């Protein structure tokens, strides 16, 4: 609880300019920006999976030197291990940390229950729907009891309805467990709906061009007009940001489709 | 010019109920319908690539017994031969028909000029953009001087702008050469913009549920309000048609995105 | 596409279906075996008509007769057993060694870049060329043959492992690392299972190379029991029927292994790894 | 990702870049050859220190010396030439026969379903097992060896062709048929070019099997000139240095073929077929 | 073929028991046979020569009686026995310390022969038979192990086998290196049987079509046999020359001469000896069919 719990100063990667921002403990932050602007790169650095060329990342008061240590990540395509069952997937991180069998099982079942997957613990990933897979992936991250949860477009491979349902569930889970969340998405409504803060990144060499603080009380409703206004605002801003004509078209199409 | 130049009576394929329709010589007909309703199957039967289980297909006064014979086809993903240049691809059908080298070259160059690809005749397909590839594919069909041109979602793999440009070009080419065209698409605007007649197919077991005759004079403009009205009409009709809830959602999303 | 059968009346439908099933099975059998039957027929005709010297091509009956004699009098099953034992042993050693080397060194670019070209180079040399070395190092006995078989398996397995490791989804690796897996735990619980589907294909390849190395070696080192020795015996005494009988045995073993072991293993792995649709 | 170098001043930039280039090349070389160098060093140390019987492992120098002697006195190049000629001939025959069979019969389900299992079965039998038959049918001379080499190549090539044909995009086939291509024209101008990229991989596989079949055959049929004969001779007179010299020659030839022929061919085909990104 | 051949293709093996063949190649065949030049081909083993003869790539060959007898059983009447060349030429040796002095001591032992069905293999079976023993592939307890001549030294050094019936000069070579000792009792028995080491055969087809050349071949071979019998040193030299040419090594002249002691160049073929070979082949299950007694008698014209 010592104020700034995470700071980032980016490297000189071609597509990511030096970038700094801070996330308060327990805060839900979204990163939004055009494709290829470096959102995944940024998240990877926070996770400790990528090393910044310059600058540094600090999490929970310590500099990030590798993965793990209270941070967990959820990927766009779930990235479940196909040879393990749902339970096996959820237990994996605990096994990696040498948690004893009994405790492992118990914690995994608890996490699975949290995402409403207790009826399919023995299924393999290919026997699940896309939404179930993504929920398993979230359970796999939550079971680590992370203080920081990193999510890289976790819902973008899903259809609109499943997406809405999972957004709702994520809000519920977040309200229950209150981890710090850094959430990457293309979906402005999603970002506005879930977050305390939304950072807008620029295209090309990524950097933060605008920050929105969202004070709407939770639990929120996706149809809330305040959210729609906010989305409109962000959309305008994004349009202005995407300078290249071709990119703007693609971007607009993408956003309209949401 | 003997009135009904093509008649189709469909087989009992699980996903295609017996279907009949007639296309006048020189007419531009579009087939629109939900995914999996049998549009490609139908087109394949007209092309002579698939055999109906029952019923028969007649083209140019003769029953269809195999591919060729005045019919040419354009596929969704262009389906160019990657080992041939643009010119080689366009010449291929002529080679298959034993057309002499000199005539082949001349006709191919003419077709390539018609689709504005004369500057890239020596490139291979992977050196072309998606739109150029699709134009090469159209040239490959046109060079056969087909009386009937079959197009299976020829523009669906392209981005919105390229799509619009190619639609315009297709209209121009059609006005110049006036083949009979059977055009399959998901894009209602596209269908309305290009066609004399649009047949709406039902989902599940495919059959024609509605036929629209479009009398707007050519050349047309995609922004024509009459077209937009028509699209709205078709969209409503399609919505009603797609009964399964999940399918309706996907369908609507698809249509909205166009 | 069974809708075509839907037209049949309900009464008697079962009988119709059963006879149809039998007919379909018969057609399926013919479809897969007409060529074998054709070969057998031509073989039989040619030998029965006396068009070829039986010294050069014995009749199918002669070969079967010889096979019977070999099975009863020479205890061919002992030779077969010895060969299969050597094959499985050598292959297993080669597989384990190749996969271990691949996994342990495939994670590091420096190790892989140094070792992989050497193995690729060695794979370009027919394993049998190393037999003289093996005989000098391990003696003129089964150990040399085993070593050659293992070595013949080792090279393609190591190369298959390297290849498979390059195809692991980077996201999967990231997911594992993000969950705290590292070092040997990562290799054992993520890298290895991730490459299993590719390895199954590699196993068959390795088996094929193992057979080749083993047969070539057994033909030279003929001391102990083994099919290679019988093959060489047939050649030495000019008994082509013996040679063909042995080929027949290897053929049957090969097809049985493929059907009963590898095809099943592949199907099981593909199901478990959720690759059914992908193939 | 050369932006890192962008910080260097314009003056002297070229020199810096050149020396960097040289250093990068040196590092690249070391990266790929440290393991070879390590092996050579250990080999040299072990033999120089006298830890192993030179009868079992001659020193690198001895092997090179023997190689020199073989090259000058036994005209090893004649053997190498004879072997390579047989290899290329047998391989080419096998490739043409395998691909032709695959293309001509792969288009028909009946033909493929009958023939493919037979070839797959034969591929399970080491080609060398057919050598006694080949000797009886073709005589004890180069023809038998050639036949075995060709047969050894034929089987995997035919199987690779079948496999490749199943991977042809159905749309491409439909496109060709819609344009009026059929029969032999279709096979020649569509099916064949469409499978070329897969065949290039198959060619390497076939080459590998051709080498194996040829060496195993040459070791048995030692009459004419050939590396297999030299290898067998080395074994017979217990001259391990001769064996290792021959292995060295095969290794160099194998690596050279891979680098100069197959890798280039593959690169060319992948570029021409637009598969650069896909690999 | 019906047309006249342009050369007589004669096969032989690079062993010392083919001594007369080596001499014949050096001198006797040089002027040709009935106007035909001689094209010599060197083979590694008897079965290979048989394959070459039967597949038509060879007209005549110096060959061991074992492979000849087997060929007669499998392809009757295709070959013709022309004349004897060398008798004897094999030595029984045992590893020191095994205590093998007689055939009876071979019970439970491993004995090397060069190849299945070759002259030594058949002779060994005769020896075992006389001692009331059987080879393991005939249900007995003596293991007959095929070991190629070149691998023999290594096999003895590693103790893979206890004894060997080896063609000259490999038995003597083992003895000279101290890896084995002769077993005189066995050698005496073998000598009594007068088993040939090498005979001269031709394809029936060639002999019929070219009687003059066949006769010339037999005569030239007989002259070479006489010379070899008179001058073993010439044989040793011719052998070493051939060895040197193909492998770059020469064997110790003393060993070669000692080996030649046990050989006896002669055009005669002891009828009983050939019959014994047939019996051994049948006993071992090698014979593809019965061998006509007439095939065991040399027939030049």
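In order of appearance the chains are A, B, C, D and E, and numbering begins at 1 in each one.
Methods note: contacts are C-beta pairs under 8 Å (C-beta built on N, C-alpha and C of every residue); 3 or more make two chains touch, one makes a residue touch a chain.
Since the model is a prediction, treat every value here as computed from it, not as a measurement.
> To reach subunit E from subunit A by way of touching chains, what is the minimum number of steps?
2
> If we define chain centres by averaging CA atoms, which chain lands farthest from subunit A? Would you check?
E
> Which chains touch each other through the most C-beta pairs?
The largest set of C-beta contacts joins the chains C-D.
> From the mean C-alpha coordinate of subunit D to that of subunit E, what's the distance rounded to whole Å?
It comes to 40 Å between the two C-alpha centres.
> How far is the middle of subunit A from the middle of subunit D, if each middle is the mean of its Cα atoms, in Å?
49
> Taking the mean of the C-alpha atoms as each chain's centre, how many Å separate subunit B from subunit E?
Using C-alpha averages as centres, the distance is 82 Å.
> Indicate the whole-number Å distance between the mean C-alpha point of subunit C and the mean C-alpha point of subunit D.
For subunit C versus subunit D, the centre distance works out to 20 Å.
> Counting only residues that touch at least two other chains, what does the list for subunit A look like?
Residue numbers touching two or more other chains: none in subunit A.
> Would you pick out the residues of subunit C that each touch at least 2 other chains?
In subunit C, residues 55-56, 135-136, 220, 235, 238 touch at least two other chains, as defined above.
> Could you say which residues in subunit E touch two or more other chains, in rising order?
Expected reply: 51, 54, 148, 151, 154.
> Going by the contact rule set out above, which residues of subunit D touch subunit E in the complex?
73-74, 135-141, 221-223, 233, 235-238
> Show which residues of subunit C lie in contact with subunit D when the two form their complex.
That would be residues 31-36, 38-39, 55-56, 109-110, 113-115, 117-118, 120-133, 135-137, 208-209, 211-212, 214-216, 219-220, 231, 234-235, 238, 240, 243-244, 246-247, 250-251, 253-255, 257-258 of subunit C.
> Within the complex, which stretch of subunit B touches subunit D?
44, 47-49, 67-68, 71-73, 75-77, 79-84, 92-93, 95-97, 124-127, 140, 144
> Help me check something: in the complex, which residues belonging to subunit E touch subunit D?
Touch list, subunit E to subunit D: 41-44, 48-49, 51-52, 54-58, 148-151, 153-154, 246-249.
> Would you mind writing out the residues of subunit C in touch with subunit A in their complex?
So the residues of subunit C in touch with subunit A come to 169, 171-172, 174-182, 185-186, 189-190, 193-194, 196, 272-277.
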